[in-house]
């Protein structure tokens, strides 16, 4: 061991007579990229362990002998499994290597059907490309090819064409190493080897879309994209996903102004290159006929189509007469610019401070409870991670992948506390499955076990929560010397949410990990709204108070931006009453939602693919989106409509471009100064957290809460 | 080799949830598995012996319930266990075999000594083809690679027993004898393989001493 | 002066008339176009046709290679999947929409070259004039060959 520690961390080898220095243990297939060369590959994937299944990456390898001569290995070596070493001599383009590659490709093509014209992969297929660059021009194989079922629907999203499979194992390794569900495995052997699920049952994974992208042939194709376009028909622009708060980077492929498919875009700091199925297949609402494309105003019982001028007229009259008795609520898909301009409209033109973006049941005042300290990428190197609350794979799929990677690559201890079975259990150091409603008690018990004081008695907690004493102690043992917390703000939806979150905060303080406390946002730009402080100040009303005031008739006018309170709020009765009662309701959204029926004015907004703007993800990373397709109908970006309304009411010159709005944001919120548009190319910018004082322990009731049996 | 069928494209079944899997191992099998797990650093390594236990417990073949049970007992995914089981030809996945498994070696020595002629004789006598089972569930005939008994070519392996050299007459006699033997020799073979994996002290623990 | 005019003006005119006069008695090379049509060369490339197999199935599989090869970007293809009940072409895929904008087409024949099944062919119909710009977008129905007459067996 001591000798190994003294060895230099880099080695010098020669590739095609060029001497380069690379880190010890780097694979040849990666090293050659340093001198601008590429070795053809199929099975190798830089994020997964090498297996050397396809033999496409063969290179000629030799070693320099002490006498200065070079002794070549008699056979070519697979570049994807061979780590670089001192005195190594590699040739990537000799006659022998070229001949070997031809041979490998000829073998791969023995059973691969030549149905490229109808294959969805045709045009972006590594097998096609490698065959053209390195393969033989003809085949000597005249026998009948292997015949297997075509277009087998492996799941709702994934179609499996076994004839096309070249058995590289990328998909199998993905489910084993990255997503961790091990849903795919090779069945049978030899030429009949088939990647498939257990007895071809449904492929139930949250990340099944990724295997479509990593498949080097058309064996795994998307059921949604099937036959919809060829790669050369498509135009591709970078975008980001708004389905959850992770802010994954995506490629937005569109054809004739409609979305065709979403692919993952590499951003090492956020999603590496993966997407979840929600983000990859859940964006079809953009093409939906339910999109809101025209302005409507209420005339008696029905909404009639109108124009922006009429709508602005009605809105300005109604909101001005309401005075401070008006309010605005936003949902998670509004951009930073939208939120800022709406805030400006309300504070400057309407003189109201009844603004909120939070939809949880509990709305703690303390900013410290909402803090987020650890970035997504940092989770990879955390030795102990405490995942608390709802199923993280469902709420924050990409963060889940990072936490799994921390365990898979770096042996992190992951303690999972979740009331139901979840994916994270499969690699948990300790899995604490508590009864719903007993969150605070469990946290109290861990607190007591970790610090020996405070909290609640462990034995008592064990009987209340249904978690074994042993497990609580084991978890506390792992956590007491510090841990990173991964919990989401959906905990605040619990009836005692404030206490649960307070207990979490106390636990992190007790374990000296308060700088690793994270309570993550759950919707795309929730964190952005918090950073822009789209919240009531002292005299303003919060979400619940706004809805109550609307229901009692005290609030005269309400503006709903990109939100459907009926689906966001836990109290549908109150929401329905509020929407029915409020005199003037503006609904501004990119899609028709249920609350449209109550609206006085319906304003169409641009969806994310149609507007310029920025979104702030859960780690406060500000990322830019650019308009990709033209706005539908008379829809316009929400911030633009607020600017125009401000112009009407106050005569302020409106911003003409989103970057001007960002400058305004930066002028009023110091932390956004690094996020001006010039800086947002690439991975985006993480804005600093609020300067808060040292978090203080809060008083918490460690008691269980009755949960009606019908709600899990 | 099995080729999967597209029987129904819609309403496809999903893999059973862990709580839906019936655990059918006998107490003895569970104890055997416990002992076997001590031999290995992790549960993954015990897949092959555990599949043998399952093949014995489920009557000489591995139905999908058997694969699910093995997966559950070893904390692996169903697909992984199925992949292993379908890779090796001595595990019979999905289809029940007959009580006696006739394996005819057709490699070089046996071939030269008339293995195919012999196989044709057996096939016509039992009325089945390669890989098929007689309607009474007694015999399954399979073609296998070299059985490492070239000195006795042509050679048959019937479950755990080698027969060779054989001709039509001796084969008839063997089959006649086996017909009266109702306890399945395929299960016996699986049991022998399981026992061979266990040390003496393991066997003592299993039998409860 | 007069001789100069005669040489430079009158003489060429007379020469021209002489040539015309000579041609009057030769075979005519023009045809009376709408009524009469000249035979075209075998490899003439004019209006596109989507061919069918003898059994009536479309040759086009909707692969969009023609659209990819087209230098004028005048072809639009939208594919869909065949079912056993509704089968347009052999195999899995067929062209649900197939449109060629004849105003943009330069009749280069690259589409024909790119087609893996020989579905799109440029034939000799050259009378493509029309009155409305919209009418120059030829749809799949216009391009498809008529169903072959089923021969009695």
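Note that the chains are named A, B and C in the order they appear, and that numbering of residues resets to 1 at the start of each chain.
In this section, a residue touches a chain if its C-beta (ideal position, glycine included) is under 8 Å from a C-beta of that chain, and two chains touch if they have at least 3 such contacts.
Note that the structure is a prediction, hence the values are computed from the model and not measured.
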Overall pattern in which the protein chains touch one another (line/ring/star/complete/other): line
Pair exhibiting more inter-chain C-beta contacts, A-C or A-B: A-B
Chain located farthest away, centre of chain B as origin (C-alpha): C
Distance from the mean Cα position of chain C to that of chain B, given in whole angstrom: 67
Chain A and chain C: spacing of chain centres that average the CA atoms, whole Å: 52
Rounded Å distance between chain A and chain B, as computed from the means of their C-alpha atoms: 46
Partner chain C, residues of chain A touching it in the complex: 115, 117-118, 122-123, 150-151, 226-230, 232-233
Residue numbers on chain B that touch chain A, as the complex places them: 1-6, 9, 12-15, 64, 67-68, 76-80, 82-83, 86-87
In the complex with chain B, residue positions of chain A that touch it: 147-149, 152-153, 162, 176, 181-189, 192, 194, 196-202, 204
In the complex with chain A, residue positions of chain C that touch it: 61-65, 67-68, 77-81, 91-93, 116-117
